[in-house]
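This report concerns only the one structure given below.
Chain naming follows the written order as A, B and C, and within any one chain the residues start at number 1.
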Amino acid sequence: MNKKSIEPLYLLLLIVTFLLMGISLYLIFIVTPTERTMGEVQKIFYFHVPSAWTAFLAFFIVCIASIVFLKTGDAKWDKLAGSSAEIGILFTTLVLITGPLWAKPVWHVYWTWDARLTTSFILWLIYIAYLMLRSYTADSERGARFAAVFGIIGFIDVPIVYMSIRWWRTLHPSPVMAGNEGSGLAPEMVRTLMVSLVTFTFLFCILLMFRYKVAMLKSTVDYIKSKMDS
Amino acid sequence: MIRIEHITKSFGYFRALKDVHCEINEGEFVSLLGANGAGKTTLIRILATLAKPSEGDVWIGDVSLKKHPMKIRSRIGVVSHFTYLYNDLSALENLRFFARMYLIADARPRIEALLTDVGLAPRQHDLVRTFSRGMQQRLALARALLHRPNILLLDEPFTGLDINAAGLLKELLQRLVREEVTVLLTSHDIDFALDYSQRILLLKNGELTIDIPSASADKNDILRILGDK
Amino acid sequence: MAAFRQIFAILRKDLLLELRSKEVLTTMLVFALVVVVLFNFVFDPGAEEVKVTAPGILWVAIVFAGNLGLSRTFAREQENGVIQGLLLCPIDRSYLFVAKVLGNIIFIFLLEVVILPVMIVLFDVHIGGAWPMLLLVLLLGIIGFASVGTVFSAISANTKSREVMLPILLFPVTIPVILSSIKSTAYLFAGRELSEVWSWLRVLVGFDVVFFVVCFILYEYVIEE
């Protein structure tokens, strides 16, 4: 019944995301000047930082959806949290892959146990544990409550990843998101980064909507199957 | 006395209870029948404040179960096929511990009387671990009655009991009914339900399909409804 | 007031059960010693670096053993479904949480009190006058850990993989408290100024408070059927 009202929205989002992707790529590789000391490899920056941002956003949604689920008991919030966590892990994985690729030529090592790298890795582990927990509990109200509680407590660690840069000594450049003078980023680079951030956010929204829809369809199918069995 | 108001327990598409609605009078002995997975245990759990209904509420007297679960807890006793007893505490220690949890002042005479009632006084200092299933279940009954609940919920209390223990349990139940304690019991044993209880409730796929006095209930009818899909 | 009496009753019951079986404490202690011995192979014994890593070894032993203790204490509440018996009692779920956390803190703290002298002897650590401070760190270090652990042990006990799930859930989430405990202890072992220790202790206390409060609120959702 709500099929008609949803489809145009998907289509619109898809078109916008495609356009944004094109613009981002054009800005990143054609328009924005190449960084002086690091060279071409610095282009990874425009994928690395937005991936990290998207991962934070995804885990934030896990936390909020978990809280709403505990308050309302409505299964759809549980599905939303689970969907968002999966996409969050995808983007955290991208962060963990693009990071070393960028680090190797610049820092001469793939990995260093500095605060931000370590905490990103921990974050990844936390949400892997979250998905494991989801798969090890039966698809029941209680299992959903477990996941929600873990999703909320696990999120306490997310701000630490962001703050870690200030608390611990680290090799990492200071956060560009804050737009400090000290970040030393050329205005064109900041602009490109912003466009890339918007693009990734749209990409996230699309992935989340599709994943959520699949999750809801799956529970419908499971329900129909159980009806046919009995 | 107990007013179950349009209770639904659901998660996603799955609905364990659908709009269950009924009233149980004070001092009534009611049997709750139904096949496995019909929602009997879920209903008992909700009444015991162990689970929350998705929709609806239960009123005990004028107390809402959703709003004041704590008040309800001190008025109900629960016996299930789990005994809720610590294996490594003695019978007496178990009862003392639960007496403290129920904030019973001067519990000693009450505990002694109950241990005598369930025939465990001579073995009160032995660890629960050493008790037979029947003895454990008798002690579980004593634990459930410790705080003088005026509502007793029993979920399959006869599971795994020998004839002696079952007999004792039946005897105690009859005495409780005389003392105006409201009893709600789930069972597979239709004959027992028809003989002992005053009313029969039957759950089928989460819906309350039968609610009649035992006197007018027909065993074959019940069996037929239980049996067919 | 009523809640205090109930919390006290649960603590008393838990201690009595432990006194009778000695199961949790012995398991934790032996396991902690095994961890310490294993670390002896990781770092060259006698080398100067062992002194530097001693705080890390101490805390890894504590949290590994603590993880075992946490799943054991919850398993105890599962026999005969007795946890439901507790939920039937007129006690607020949050106070039930307080009682269970206090019990777990006591058990892990007892372990620490035994394992610390062993560490001091084995790794030739000099503490000097920092004793009271060290005990404080040992206590603060397990409040956040035990809070999260009490909630997660209830979760893991109800999953298909049971105890295996607990460390996977517990360790990554509690890394902030474990890290600040290690750092505080390392500063004390190294004889640093108290003001320096305080910089880490502050972080530790912060996480203890946050974890305790969040778990206090969320406990009812994991414990109810």
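Convention: contacts are C-beta pairs under 8 Å (C-beta built on N, C-alpha and C of every residue); 3 or more make two chains touch, one makes a residue touch a chain.
What you are looking at is a predicted structure, and each value in this text was computed from that prediction instead of being measured.
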| item | value |
| --- | --- |
| Interface with more contacting C-beta pairs, comparing A-C to A-B | A-C |
| Farthest-lying chain, centroid of Cα atoms versus that of chain B | A |
| By mean Cα position, the chain sitting nearest the middle | C |
| Averaged-CA centre spacing for the pair chain C and chain B, given as whole angstrom | 38 |
| Centre distance in Å when chain A and chain C are each reduced to the mean of their C-alpha atoms | 32 |
| Centre distance in Å when chain A and chain B are each reduced to the mean of their C-alpha atoms | 49 |
| Junction residues of chain C - those touching two or more other chains | 224-225 |
| Chain B, residues touching no fewer than two other chains | 52 |
| Touch list for chain B against partner chain A, complex | 11-14, 52, 54, 229 |
| Touching residues on chain A, where the partner in the complex is chain C | 70, 122, 125-126, 129, 132-133, 136-137, 142, 145-146, 148-150, 152-154, 156-157, 160, 167 |
| Residues on chain C engaged by chain B in the complex (per definition of touch) | 2, 5-6, 9-10, 13, 16-17, 20-21, 76, 79-82, 84-92, 224-225 |
| Chain C residues within the chain A interface of the complex | 148, 151-152, 155, 158-161, 165, 168-169, 172-173, 175-176, 203, 210-211, 214-215, 218, 221-222, 224-225 |
| Of all residues in chain A, those that touch chain B in their complex | 73, 75-76, 140-141, 144, 219-220, 222-223, 226, 230 |
